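Chains here go by letter, A, B, C, D, E and F, matching the order in which they are written, and residues are numbered from 1 within each.
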């Protein structure tokens, strides 16, 4: 389930930009759960979100999409 | 979740053609979400769409199909 | 998500035969979508279908089954 | 999506026995589809079933379980 | 879909203990199916269960959880 | 389905901290099942939870998210 975590890839860089700029994202999981929050960090397995101050590890294998909302 | 991102593969080249020609696609995710928009870029992890001017990263592991609609 | 695309494997060869003979298949995705059409090409990531003249890339990771119908 | 197709593994050998003995199986996919039939062959990507005389390639990544029914 | 089948890993060892002690487990698949039975063997692709005397190969990629119930 | 189990990765370290501090987590699976409990151990394939004193192996490939709740 690990991904090739190449920081030069556009998708990894786009998420790094989201972290740096503290932009709001809408992240949807395969379960149908939708989180609106900011990205705290990413690694090969997970995208860590802050949603209303609560820490949530969204597993990459379960992420359907990330929309940049603000 | 990374894919072997070989730009010589037909599926990668077809998506590159869609990007170059700014063709409209219908992309469906395993969640059932359907996006109608254009492809902005692709990498090993994601297909970046522009849908009504909004940037959406569709995770490759969650993509069910891509229909070329226009 | 890439597969070991060994053209000697029975499943790859069977799909090559379907392409050559322009046989009709029923392909079902994990979303529940069912496509009836012919296979145009396959690569490590996708199976390209022609369904009522429209090009559809079915992602291999999302394919549940392929039935040979005609 | 390819699997390590080591013919010495118990799960691969069990399916080979099912093929040789033409035993009936119940195979369920992640879509909820249930097939009752016999296994014709297996490779790294698919399990080929004969169900009421029709050939069906069940993709391994979509198989939930195989029950040996007869 | 194969896993790194390292018999030193805690999860592999825990299942070996279940086999040795013939403990009852509740195994749930991504389909929602729940099996109550004992584990007969495991390999890189499957966990073989005996449920009411019937042999069932639960594919690892489709297993959601295993609860140790007795 | 094995993951690159690099103990230096933030997501692995965060779960190690949860284990050490016996924090309560909410873990949701792709089946929709939600477990509230503490993490006992993790390895490349599973996250072992204690939920009301019962041992549950949550398969990593089936985990949607982990929320740190207490």
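The rule we apply is simple: a contact is a pair of C-beta atoms (placed from the backbone, for glycine too) under 8 Å apart; a residue touches a chain by one contact, two chains touch by 3 or more.
As the structure is a computational prediction, the values presented were derived from the model and not from experiment.
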item	value
Starting at subunit B, fewest touch steps before arriving at subunit E	3
Remotest chain, subunit C as reference, centres from CA atoms	F
Maximum centroid distance from subunit A, chain identifier (CA atoms)	D
Fitted rotation between subunit D and its twin subunit F in degrees, CA, nearest 5	120
Subunit A-subunit B separation of Cα centroids, rounded to whole Å	18
Between subunit E and subunit C, distance of the C-alpha-averaged centres to the nearest whole Å	32
Contacts with 2+ other chains: residues of subunit C	1-2, 30, 61
Subunit D - residues contacting subunit E, complex	1-4, 6, 9-12, 14, 28, 30, 32, 60-61, 63-69
Partner subunit F, residues of subunit A touching it in the complex	1-2, 29-31, 33, 41, 43-46, 48, 54-59, 61-62
